[in-house]
């Protein structure tokens, strides 16, 4: 999938806004939102929040996790751990990109927040590359990927799944010759799963 | 301006438009990520089309500058995108795997478990007919006599069930068997609710179809 | 004769994967011609196998070569069919003349039939609930905004919008248009989105 | 699952690769397959290189008409090099279709070691592809790749670019369709030639 499609999926996430106008409930197909009361926080889907913000109809309430202290902790934890740590949610990067893009003035210390989120992202991406290599070396037929977000998973497509497909194809096509001499093979095949 | 709750004829319980949209979105995501064509969700598509139609009529009654009009239009565009992309993805698979799909579908129709909608099935059959006549006109009718046959079996392309996919478990599932090609030790794994994995499509194909896992 | 010519053809096709080349009528004809020669030799030798049994093997080898040639020709055509499909989705049901002339007559016929089949499928969408069909060549990208700014790349002429307004699309003119109404023109390269 | 390769151009090109064969029986009127032969018939005992598809069809006859030998990249000397460090091998020169041809040829390897060499090589070189896909240098700067490795790398580069442009751009831009753009580009190039 294209990153914009993942973003599209992530845009369904609910965020808080403070509208500067009042209006009755709006009945959308994806649910009812409102009533809108000027000055009072309320929940809407991310796509709607961005749209209203662009029309200068609201302020964005920064999500709890978009806070320097929280993010510092996440970053430290991510650096320390060998595995992927749990992110604030599945679409943290989409939310960060859209809110920081459209409503930087509503988010305290926005530019620092932006930098640290990018740092966390970069740490995770480089971990992801190491894990991919480890997965291939360990057998390359199965891997567990808890706590990776959809955008991160998407970033290894098609490379990782296709490489695993290719390995499988080689095994399948050369099976007869390989099974006969498996024992003196110089290469050991590990069936164990790899945690990434 | 109301997105009414709608009732699907076959089901007894009332289903909201909101839940239909969610299901359709998951179906779209699975269709995009699965190698094979999945059972169709035509009832969901038609339900959404009905909602869109209803909503569009109402929008037209609103003054152009009304804020609601933009919001509704944007939502409709989002849903239209899902529907178009979903149907287009299916068409792409139908074209690529046409011979295999039509063969299998004929058996499924007999069993009443068809994957394609009637118009998709018509499309697939017509597609093969057109392909056959083009290949005959250009090549097959001109080559030596014993080379002229249109060999469906050879030409068929099958989806790769051994390809690797990413999934997230909607519920805990025990005993998924991972085949070990080189040794004799197949591995059995359990997947807990919300855990994520990369593995072959084959052992989890049914779990995608019955909604126990979501492809990501 | 043993599949060399047809390989040249396929390598050519493989090199230009982003565009479609002129249908190579001449080469296809030559390859089919060669197949007939091989076939003729086989007929002759098959008749002589009663005297010389070992000729039978030769016949079978030529037969493999014939099969191989057939496979390659079909692959060439099939590969082009996939490109022609893309033309339908990207240019629409009317091809610009310079693209049209790259196809053989039979290919153009296939294009038309493909287009018709696709159109009747799209028309059937939602017909049970009184819909007049859906154009699947639209809504190709996740929607972002209802209006976008565009630059016109060629002198296109008049465009009538859904609300009845008519605008003039002239080269280098800029417009602010409903996304829905200009996405096809963007795909066809008439307009360009200004980011 | 049945074979889906009949219409695949890349599979046709792979099966067009030449492999060394030894003819076990005389083959009347097939002398032309041997460029150095002067006779009309191909004699038993002749060693020549012929395309894989032809070799396979001769090999599968009962009795087989040829015995198929391994191309040199799959032989012991190269296997040793590959198993030691496959990342130093120029696949562009030595094995354009290294893995694909290897899959077909493995059954002619009596020792059964081609299979493990293929897997081993693939796993080792995966790292190269991985780093090439995020490198800012061009693909050509990495140790020459086989055809499929190159395709894999190019696809990974596309993903990488899409992601980094997503991170930069706010809007989801609508663009000219691929074929449309490419045909226009080609037309422009042709016009300039005139």
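Chains here go by letter, A, B, C and D, matching the order in which they are written, and residues are numbered from 1 within each.
Keep in mind that, in the parts below, contacts are C-beta pairs under 8 Å (C-beta built on N, C-alpha and C of every residue); 3 or more make two chains touch, one makes a residue touch a chain.
If you want to know which protein each chain is, UniProt gives these names: A = DNA replication complex GINS protein PSF2; B = DNA replication complex GINS protein SLD5; C = DNA replication complex GINS protein PSF1; D = DNA replication complex GINS protein PSF3.
Given the structure is predicted, the values throughout are model-derived calculations rather than measurements.
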Interface with more contacting C-beta pairs, comparing A-C to C-D: C-D
Most remote chain, CA-based centroid, reference being chain B: D
Chain A-chain D separation of Cα centroids, rounded to whole Å: 36
Separation of mean Cα positions, chain D and chain C [Å, integer]: 26
Centroid spacing, where centroids are CA-atom means, of chain B and chain C in whole angstrom: 24
Sites on chain C at which at least two other chains make contact: 71, 74, 78, 141-142, 145, 179
Residues of chain A engaged with two or more neighbouring chains: 4, 7-8, 51, 157, 169, 171, 175, 178, 189
In chain B, residues with contacts to at least two other chains: 70, 74, 78, 81, 154-155, 160, 162
Touch list for chain B against partner chain A, complex: 1-3, 17-18, 21, 25, 29, 32-33, 48, 51, 55, 67-68, 70-72, 74-75, 78-79, 81, 160, 162-166, 178, 180-183, 185, 187, 189, 195-200, 216
Chain D residues within the chain A interface of the complex: 83, 99, 102-104, 106-107, 109, 111-116, 118-120, 122-123, 126-127, 129-130, 133-134, 148, 152, 155-156, 159-160, 162-163, 166-167, 170, 172
Chain C - residues contacting chain A, complex: 141-142, 145
Chain D - residues contacting chain C, complex: 6-10, 12-13, 16, 25-30, 33, 51, 53-54, 57-58, 61, 65, 169, 171-184, 186-187
Partner chain B, residues of chain A touching it in the complex: 1, 8-9, 12, 21, 23, 26-31, 47-48, 51, 55, 57, 141-148, 150, 153, 157, 160-161, 164-165, 168-169, 171-172, 175, 178-179, 182, 189, 191-193
